[in-house]
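The following pair of complexes shares a single chain, subunit A, combined with subunit B in the former and subunit C in the latter.
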Partner chain A sequence: MTDDELDPDLEDVVAEERVEELDSEPEARSGADYAPSVAERLAFYQRAGGIVTPILTALLAFFVGGLVVLATTGKNPLATYRAIFDGTGLNWLFPWVSGTERSLAALNLQQTLLIATPLILTGLAVAFAFRCGMFNIGGNGQYIVGAITAVWIGSSLNGLPGWLHILVAVVAAAVAGGMWAGIAGFLKASIGAHEVITTIMLNWIAVWVGSYLVGFGGPLQDKAQISAPVTKSVAPDAHLPVFWGSAVLQGLHVGFFIAIGALAVYWIMINRTTLGYEVRAVGFNPEAARYGGISVARNYFLAMAISGAFAGLAGSMDILGWQFHLDLTTVQISSIGFTGIAVALLGRNTAVGTFLAGILFAALLNGTSTRNLDPSVFKPELAGNLTRIIQGLVVLFVGADLLILYLWQWRRKLRLGRPRAVTGQ
Partner chain B sequence: MKSKRLLLLAIAVVAAGAALAAGLGSSSSNAAPRATARVAVVTDIGGLNDKGFNHLAYVGLQRAQSKLGVDGRVFITNTAEDRLPNLRSAAQQGYGLVIGVGFLMFDPLDKLAPAVPNTKFAGVDVPYALLASKPANVRGLVFKEQEAGYLVGYIAGLEIKRHPYKGKQVVSGVGANKVPAIIHFLTGYAAGAKKANPKVTVLINYANDPTFADQAKCKVTTQNQISRGSGVVFEAAGQCGLGGLTAAKQSGVWGIGVDADQSFLGPHILTSATKKVDVAVYQTIQAYAQNPDGFTGGSDQVFSVKNGAVGYGKLSPKLSKADRAYILARVSNIAKQIASGKIVPPSGT
Partner chain C sequence: MSTAVERAPASALAGSEPVGIAGIGLGVLAFWLALPPVHSRTVALPAVVGAAAIACGAWAVAGGRRRLGWAAVAAGVIGIAGAVLATHASVSHLQAVITWSTILAATLVFATPLTYAAIGGMFSERSGVVNIGLEGMMLMGAFFGAYGADKTGSWVAGVLIGMASGAALALVHAFFAIHLRADQIVGGTAVNFLALGITGYLYVDIYGNNGTPDNLPAIPDVHLGWLGSIPPHSLGSFLDEVLGSQNLMVWLSFVLLVVAYIVMFRTPLGLHIRSVGEHPRAADTVGISVYGVRYASVVTSGALAALGGAYLSIGFVNSFTENMTAGRGFIALAALIFGKWRPFGAFAAALLFGFSSAFAPQLQNVDAWSTYGTLFEALPYVLTLIAVAGVIGRSIPPAAIGRPYQKQ
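After this line comes the complex of A and B, so read on.
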């Protein structure tokens, strides 16, 4: 497909979006004679849509969520959203908020960012695999493996100096998460086992091995409390420093900056390295990539392993940042890796998008907690479900807008009098 | 094209407007008069409708609200991150007594309580010994599950003596998972059955279900015991145990419920080993409401047969009149001996 096949209206769109893109992502293409390939153009549409559609998606989800509020409580949804917004602590950013309200906002914002930290990282774990054309549903298992590794290293090796202890624990957790996901990558690369199946299976293996280790008399269970399903605590010198709020009472730890650093690493890896180029090439079209001399198998493995490393890192942040020990309940019912899928979907697998989506979901989780909602307006039985409703709506609409993109392309092809090529997908 | 740009602009304006509206003004909670006691219950992960712990704690709070007129509020914990902020929020909002539900509250209570010395805390199933900082304002609320287990074990032993199942005198107990409360229940159960009937064989098995919700696991474990001749199965397993009780019904043997009085499940429920978290929560709130300043922490408050917070539930209507009278006379006597300390059921930990 060449440029002159596009109708003028559409070309205008492309030009416009290109300007938009310059603002959001410094990945500018230059030169008047630049002719994008089909794959690039598809990616381009997705990214162009990636500015408008996530915002629309989120707004639509909130709107429908508001209708749910209206239907279930009969109260003004705006008041509820206002309470949720205050609960997220984002009002801390407004300079006119002062006094006790400001200190309360600070506490809330610390919690929001504390939750955002692992969400951003598990979001990256999903996004990186997506870029290679794979769907990593195993973020949760990789997160658990990372958490187990971090609590193991953090509660042993006590002779090390603090910074080294942290470094060893964090790196080991990332490596462990990477190896865990690498199994799925290896299976896909070698025998073609679908990663959706293998990562889901690996999730359960991680849950049950983890349950044994921390709760069924396994080696990590605290021997001082034989019957309690909890591990030993991480040594105080291996705690991540807290830079905002109380170090004892779950203040915001430096893991937040590590997550931002991971976003930068992700962006550089995807956009500025050979590895990232190959990963994207395989993601666009494995056959074409293979024809171009790229080892598809190698990239499948590496992309999964790197994905897993992000999720493993997330696990270590939670353990070393605020939890300091691992209990059976957390191993069994943690769902942070699954929320990471929603984060990556809404963030359109970009670094900036993942950051914003991570903050949004963390804000939702924290803001809709019953402690932030007036029980007379919002029954405690209902409040906890609002988060899930809005999360579900976001995922639903994200799926729907991809559908719209496809339909849109299909319609265009019909108008051009061509056979329908896209519907075959 | 213009339209697309306009749409974007509109979205931006709406978003900014919403943010502004949200930021303006403040939603300061108006403090209630200090006259009524203010009590908060912080549940653990699982939700209010878990038909177990969280639910019973909430029932206790609601009863206190209606009977004692306290100002109560429940804080629901959805994620592990929620526990400490929920407890702190409750303290900050001026709730004088904050009750954390569930063993895992030990860690946030340990960290938070020293920072807010003027707030009183209580932890359901949180043994005070677990709190490393030894805060003076936290009270552990712990249960002697072994006493309830002993009583229902005694009932099971009597019943199987009078009516052996397929000629055998075997009773059994299923635990969801090896956690303290379950070990207490089952150890007491075995001892109680032996006390009633020295000839009885007691089978104890764990379904290994840490979620306490996988009914299939308890069902299989129970069917296994029934095939080994058990005529009475005690399910110390939360929702998991519901599967085991169904298996008992299908095989025509007795089932024994746990925590709540589960006689509503049907006449195949011989009785239930009750652990009344609602009673414990209510009594704790009552003690606080009557004398807030006199409410002290620093130790465990033990709930036992003596104060009526553990015991046995209704006997099955399927029992003959003679059997019922026979069992009731003996088990109430045993309960009295436990209350007076004459019998001390073993806890197993």
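After this line comes the complex of A and C, so read on.
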């Protein structure tokens, strides 16, 4: 088994080339009695799934979402999507946007990237476990554990110099998230407990223990405001520096670069290290990996712990970057870890894909927020739920490559069918 | 006679299984003795009972029932520890928190939605399709139950519409899991997202900021006044407080439990479902339609989970709020696993989880203990984690669970 065989990244690239190559075939070969073998086609569709599926998936999900808008409100879905798009700030990327529109777009884009930061990280948490053949549904719990650790360290240890304070809080949050997920990894490695069940349980344990710590009378509740279930604030010197926009207006903090750094670490770890090779080998076929001398149990544990570290990191980014304290409601209703599942699935567990999917979902969340969406175009409360529907559809369709491949196959049949009908006459 | 000879070593310590079970009971009793209404104020009595539990446990371990035995030992130790804590707490605090009739009545209320969803999950998972979409299906039932009851003015129609909505969502899950052979966990996750989005969207679109109307037709309570007249008076009033005015759906859940058990383990249909979940190829070979059975099972699971959701919205709280199931579908899944994919096991687990939900708010009655209420909510999940980890008897899922079947 070579490294290349295990590498879907590479397959994606190959697939992209093949798509372009094959797209021109019907025209080029329509005269000849060319008919690719069934196996050849199947191999192509499987590979095409690498790059085509995510795009078709997202388009299909947005299309169905548009139908929902049309059916329930009778409004033009395109106008709705346009309004959502304007709220994301992504129009900042267009050079022709200028003046006040541009500065508004900049503000919006800062918020989108602010949301994208934890989404990319929780997406990586899901993706890394996936590469080892595990489904980490526990990103949310690991995120909460990371956030609690970050707020605890950020609001204590006040004697430290700022950079050290940040470093300690961030590393501790990652370690805590890693240990939390490591429980699931350990149970999987030692006695084969299914990670989906254990991570779901760990999610809820994190939520309730977190509610206890943060809530009324809890050890982390701010004793100065006894009537509010909220922790003490992070010391100002432990705030992540803001590099774009104003710190007062919740500008974009350097955590965004940490997320990008994590993407690079993820890519290198998966593609260029022994650990990554082993993790992928186990994910590809645990039996074969075991036969090849790889410790499957060790890799299950490590992959889960590393996944959790990414999610824990996400929690610390939100706390040290812009929230600065943790309240009971955030602990109980946060769903960033769950959105991470959609991010990883749409991004096909690749570094670049996770980045793009993270930006997409962050843009959706930000564009549909009450602050950004014009209520006369579309009610933001509705749009927030529309985002959830789109998210669900994306996950649903990504899970079913076959559906997309059927559609893809069907499209190609239509195209390939015509010349054959002519030659048949 | 050979069987008698083979059994001889095990029978050296006769009846280790009943002794082990008795040990667990004694451990619980040891704790109970220190609580109202008995209120033993010295540790002596609970300690003696707890020691007996530990002895029973040791007997069972020696007799070969290791897991049961250790469980009894643990029950004894926990019972004594709990009793020690209880004797140190003030009587007024204990009386404020522990009102058995209130706690047990609330236990049934909290256990009921879990029971419906867990039984539903059993059908799906026994047929080999993982259903982590129970949460979403419950939520559909909760919203469409309320919506249907509101629009038709009848709770019966509401319940039916709710069930249909859950079944429809389950059908989506089934189509992706069975025909498209998608990953069932991914599909279930998607179904949860979808349900959250669909119910939230429609709720905001239809009811806006006002919420569901106050006069939603509700599933009626069943009043059993005669329970109170059962002698002796204390027992009668206790039964009346626990069972006297429970919701119709609570009683129906008991019926469902028996029916589900009979269908699953005593009928050819149940045999079909289980064989499809254990060995689909073999089932296919003898002429059972694997796809048909799986579709039927998954759709049934959706309808039952939705029934639990409808109970929440129009039986229990009489309104709908966004994401009102708040993870109960996942607890039901946990109950199913905890109960080893069996109806009565799942029901027992649901009761245990219901008890912890019922007990947590009771802790609010004493200021000094109120903070521990939230911590107590984590207990069901910790227990499930321990159960999955194989400490309390291993939970073994159906053999073909999560694996799509491809016809040949």
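Simple rule for what comes next: the second predicted complex is superposed on the first by the 347 of 425 C-alpha atoms of A that agree within 3 Å, B and C clash if a C-alpha of one lies under 4 Å from a C-alpha of the other, contacts with A are read in each partner's own complex, and residues count from 1 in each chain.
We take it that a contact is a pair of C-beta atoms (placed from the backbone, for glycine too) under 8 Å apart; a residue touches a chain by one contact, two chains touch by 3 or more.
Please read these numbers as outputs of a predicted model, since none were measured by experiment.
Of the two partner chains placed around the shared chain by superposition, subunit B and subunit C are both touched by A:E381. In the overlay built on the shared chain, the residue A:I268 is in contact with neither subunit B nor subunit C.
Once the two complexes are laid over each other on the shared chain, residue contacts for A:L67 go to neither subunit B nor subunit C. Of the two partner chains, subunit B is the only one touched by A:A83; subunit C is not. Once the two complexes are laid over each other on the shared chain, residue contacts for A:L187 go to subunit C alone; subunit B is not touched.
By the touch criterion stated above, A:G215 is placed in contact with subunit B and with subunit C alike. In the superposed pair of complexes, A:L345 makes contact with subunit C only, with no contact to subunit B.
Applying the stated contact rule after C-alpha superposition, one finds that A:L164 touches neither subunit B nor subunit C.
In the superposition on the C-alpha atoms of chain A, the part of subunit A touched by subunit B in one complex and by subunit C in the other spans residues 211, 215-217, 381, 384, 387. Listing the residues of subunit B that touch subunit A in their complex gives 1, 4-5, 7-8, 11, 14-15, 18-19, 21-23, 26-29, 44-45, 47-49, 73-76, 78-82, 84-86, 88-90, 92, 103-104, 107, 111-112, 115, 130, 177-180, 183, 208, 210-211, 349. The touching residues of subunit C, when paired with subunit A in their complex, are 130, 132, 172, 176, 180-183, 185-187, 189-198, 200-202, 204-205, 327, 330-331, 333-334, 337, 370-372, 374-375, 377-378, 381-382, 384-385, 388-390, 397. Chain contact summary for the complex, subunit A toward subunit B: residues 9, 12-13, 16, 52, 55-56, 59, 78, 81-83, 85-86, 91, 94, 96-97, 100-101, 104, 107, 111, 114-115, 211, 215-217, 225-230, 246, 248-250, 322-323, 325, 327-330, 332-334, 365-366, 369-372, 374-375, 380-381, 383-384, 387.
Interface of subunit A with subunit C (complex): residues 68, 72-73, 135, 137, 183, 187, 191, 193-194, 196-198, 200-202, 204-205, 208-209, 211-212, 215-218, 338, 341-342, 345, 379, 381-382, 384-396, 398-403.
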